[in-house]
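The structure under discussion is supplied below as structure tokens; questions concerning it will follow.
The first chain written gets the first letter, and so on, giving A, B and C; residue counts start at 1 in each chain.
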Amino acid sequence: MNSRRFGAAGLALAVLTVLPLGGCALDGTGGGEQTEAADASGEVTGEVTLQTWALKPSFTGYVEGVIDAFEKQYPGTTVTWLDQPGDGYSEKVLAQAAAGELPDVTNLPPDFALSLAREGLLTDLSTVDDTLADTYVAGALDAYRYGGIEGTYGYPWYLTTDLNYWNTEMLEEAGLDPARLPTTLDELVAQAQTMKDATGEYLMSRKPGLGDFAAAGLPVLSDDGTQFTFDTPEAAAILDVYRDAYADGLLPDDVLTDAYLGNSQLFTEGKVAWTTGGGNFIDSVLENNPSLEGKITSSPYIGATPLYVQGVSVSHGSDNPATALALAQFLTNAANQEEFAEQVPGIFPSTTSSQENPELAESDGTPQGAAKQIAFGNLTTARVLQPVEVTEAMVTIVNQQFAAAIAGDKTSAEALEAAVDECNKLLADQ
Amino acid sequence: MGARVVTARTGARGFSTPSPREVVLRYLLLVVALFVTVGPFLWQLSTSLKGAGEDVYTSTPSFVPSEPTLDNYARAFEAVPILGFAGNSLVVAGIVVVGNIVGATLAGYALARLRFRGARLVLGAILFTMLLPGEATIVAQYLTIRQLGLADTLLGVALPGAVGMLNVLLMRTAFVAVPKELDEAAIVDGANAWQRLWHVGVPNVLGMLAVVAIFAFIGAWDDFLWPLIVLTTPEKFTLTVGLEYLSGTFTNNPRVVAAGTMIAFVPIVVFFAALQRYFFRGVDEGAIKG
Amino acid sequence: MTRPATRPAERTSSRTPSRGARTLLVRALPAAGPGHAARTHAWFTPWLLVAPALVFLLAFNLWPTANVVFLAFTNVRVLSGGELVGLENFERMLTDEQLATALVNSIVYMLVCVPFLLLVPLGLAVLVEKKLPGIAFFRTAFYTPVVASAVVVALIWGWLLDDRGVINAMALRLGFVTEAIPFLTDRWLVIFSAISLTIWKGLGYYMVIYLSALGGVPRELHEAAAVDGAGALRRFWSVTVPGVRNTMLLVSVMITVSALRVFAELYVLTDGTGGVGGADVSVVMLIQMYARGFSGNLGYASALSLLLFVVTLAPLLLIARINRGRG
């Protein structure tokens, strides 16, 4: 290790290494050079650890089933399953990575994987598996390929997308036709105005984010991933539309501070007539507010359809790379993914062979089935809208600036410029 | 008890009977404060008792559940092993409470009552570390715990909070307030420092000890991020970490989440209710007067 | 009668010339020391007593603190490490507009919180100190906000302060206002909403500390004042307040430190966004923003921590001065 560089523990690290307590356990800390690529050709046997994110207790049975099948197919293997709670996952993975104890196979969304891949902590799968492109859909694989870094750093696992959901009762009360739902931002605002005039209720309840710019086909990040570029006049025009809508009272006040899930929460509460949500959104709404039964319809996302990818990555420091790779492949194979999708109506397999599966493409005639059909139908054109380089801190900055523009505290152009400046600073920090 | 217990309180009891007018006024103020402090919690309790058919989202939610049910509690218990998590939390909280009571009492007494070279330096260091925000150190802290071989253990969760510097300061303040005359009398009697601590100091700071115990218990019981980082094996999770599974699973079902928070809440209330009498000056009225 | 216990030491120390910030800080706390020179214990006894605390102080407080000081001069990232960069982080602060906003917010926060939390919990403590039937229930009840988790608090206060929340619904119905009060979106209203949340949560916390201190106020003083015909309020000012003066000093230090470090309240009320245009961020919110996550810039976060340390020092020195002036 270069003596001028310091790890995350700073002084602690620098001093601990000279104390007897120190020892070799520190080698795994980020910054140190990693050994050569994992040897994938070894025998598939022995122990590996699998870490998932927030699958317990709802999907305990499914994951345990997959693990049992894996252990049966490869006698002599033992899989230890760890599931981490939803909140604080990035902190947990970060501490694991800093301590050099990343589990062999870890469920990482693309943005987490990027940070770890940058430090050489993940296995480049393209060097050990040449069937990637045949097995997984391109859009999902792309989520684990990054500008400026060679390689593919995750097996795509399950996919989700967003579509529009509408409260038909509220629409009808306002004299709006649920058969003629808005398909553009301008139509959306026009219908929101109609609803406001007729019943005083809200249709819209969210402020735009970087994903909305991408959905409208506007640039967000430079191709090499080094500069944000969303301060365009077209983006300012979108913000202006929201600002005017807010000034006209078409958006509730709380949109200025509401976090990501604000509008789906309000929709569930029956307080707004429109939200976006995943393929199984109707069921989760009904569980919490049964009074909306039969009053929800869906339509495709406005603009480009967003794609959300979950995947599993293999630790570069795995002691048992061959088994880890086998497990990651097994977990994400078509059969296992299709069964998972069957259990969870809103998620879809990322395997190419599953895309023709008629069971996934068909609707059973219910509103839930229709939503699933729309979601699945748009998967082929869906793409990751918000760049994976965008961190939580950047989202906060963007939220603050967009809120200021919508509230009319500053012009849209000023807000965009400020957001780009701050986000570029954070990007340069990395 | 052959030992002589000395306390600061020597008041006459006759004074403590207030006039009827004062009693009424006091209860009036108490009820106002009660409304401000716990009103919101009753709403949470009421939510946790509401049945699935009841709309908890209307703009005017009713305070009394129309169909009260314990179903949500049952679901919370079914979904995650709450008792196991609570047991882990108790272990952590137990270590932290004992550590703080012992560590803060000993150090607080020495800093308040014994003159020694370096006392100011120790006190200054304590203040210094309290004033510097520690938000940026969590990863470094984890690496320390790992070096000690305590990653993924309940002891590792408990250790960093086992002697809180704020608690040392609180105990020191309490000991400073004990009348010096009591100490001097004990010195005349030939008591050494340890005897004075045990027989003069401690009986006079029971109130602050209870405060320290409660602060320590709550700090350990409520912490989320630190146990999450230290612990990896789900069987070792503490209650706050384990309950996160509830809010993850029942994202939009506030009834079950409310039931979970009430479950986490009860032990703290019990612990507090058990200790609150120590704040009360009447507690040592039974003790031998100095 | 009992108060002079601390006086002699206080007096002698206040005459010695200032030996810098550290000693001044030490004086912010009630002075210690037996007022006599005779040695009453072996030299090692105090060290044995402080040993356990000292071990923890070194391992879990001084050690990370040293880290923060060191990291402030580096550009260390959580995963990739970094190198020494001199004063770069501090230069960056000069052009950080969010930081200026955050500093103003934190200081306003402190200025409002300190007087309220110094006195109201003391009043509450006096109220629950007297043994009336059912008092144990009230004491426990008053403490409940302290133990409320951030999630519960967010739910409850969102429900109260939302533009369609309980308070606005009532204000509109009663005709006090014609439009919903923007508790959660106006820069200063957000801060004052957060302050009321801090005070709400702090009432029980400081009440408990005061309760334990009230036990040490001799009853004779109350009785004497009552005999003199002093009313409840006068007795509060002339007997209770001086009687718990040492505790009030410590409490004021605690409030100052925690008010300048406000995080959870603002985070919860703004859903983590820091308010419209980031106008409602606090310094600790910024530290968290930079320190956490995969892109965590530990260097800048540590430099911000050091800045906050310096900012905290100023009011504490003032408290120390006031304390000395009275002694």
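One rule holds for everything that comes next: a residue touches a chain if its C-beta (ideal position, glycine included) is under 8 Å from a C-beta of that chain, and two chains touch if they have at least 3 such contacts.
Just so we're on the same page, UniProt names per chain: B, C = Multiple sugar transport system permease protein.
Predicted model only: the values in this text are computed from it and were never measured.
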Farthest chain from chain C by C-alpha centroid distance is chain A
What are the two chains with the most C-beta pairs touching?
-> B-C
Euclidean distance of C-alpha centroids - chain A vs chain C, Å | 38
CA centre of chain B versus CA centre of chain C: separation in Å?
-> 17
Among the residues of chain B, which are close enough to touch at least two other chains?
-> 59, 138-140, 144, 247, 254
Shared interface positions of chain A, touching two or more other chains | 8-10, 12, 29, 91, 94, 98, 271
List, in ascending order, every residue of chain C touching at least 2 other chains.
-> 63-64, 67, 71, 78, 164, 298
Where on chain A does chain C make contact in their complex?
-> 4-12, 29-31, 90-91, 94, 97-98, 111-112, 114-116, 118-119, 121, 252-254, 256-259, 262, 271, 391-393, 396-397, 399-401, 403-404, 407, 409-410, 415, 422, 426, 429-430
Residues on chain B engaged by chain A in the complex (per definition of touch) = 52-53, 55, 57, 59, 79-80, 138-140, 142-144, 146-148, 151, 224-225, 228-229, 232-234, 241-242, 244-245, 247-249, 251-254
Along chain A, where are the residues that touch chain B in the complex?
-> 8-10, 12-13, 16, 21-22, 25-26, 29, 54, 56-58, 82-88, 91-92, 94-96, 98-99, 101, 265, 268-271, 284-285, 287-291
Which part of chain C faces chain B closely enough to touch in the complex?
-> 1-2, 5-6, 22-23, 25-26, 28-36, 40-43, 45-57, 59-65, 67-69, 71, 78, 124, 127-132, 136, 138-149, 151-152, 155-157, 159-160, 164, 169, 200, 203-204, 208-209, 211-216, 218-220, 222-223, 226, 232, 246-247, 250, 254, 257, 261, 284, 287-288, 291, 298, 301-302, 305-306, 308-309, 312-313, 316
Tell me, which parts of chain B touch chain C in their complex?
-> 8-12, 15-16, 18, 22-23, 26-27, 29-30, 33-34, 36-38, 40-41, 43-44, 59, 99, 102-104, 106-107, 109-116, 118-120, 122-141, 144, 159-160, 162-163, 165-166, 168-170, 172-174, 176-181, 183-184, 187, 192-194, 197, 204-205, 207-208, 210-211, 214, 218, 222, 240, 247, 254, 257, 261, 264-265, 268-269, 272-273, 276-282
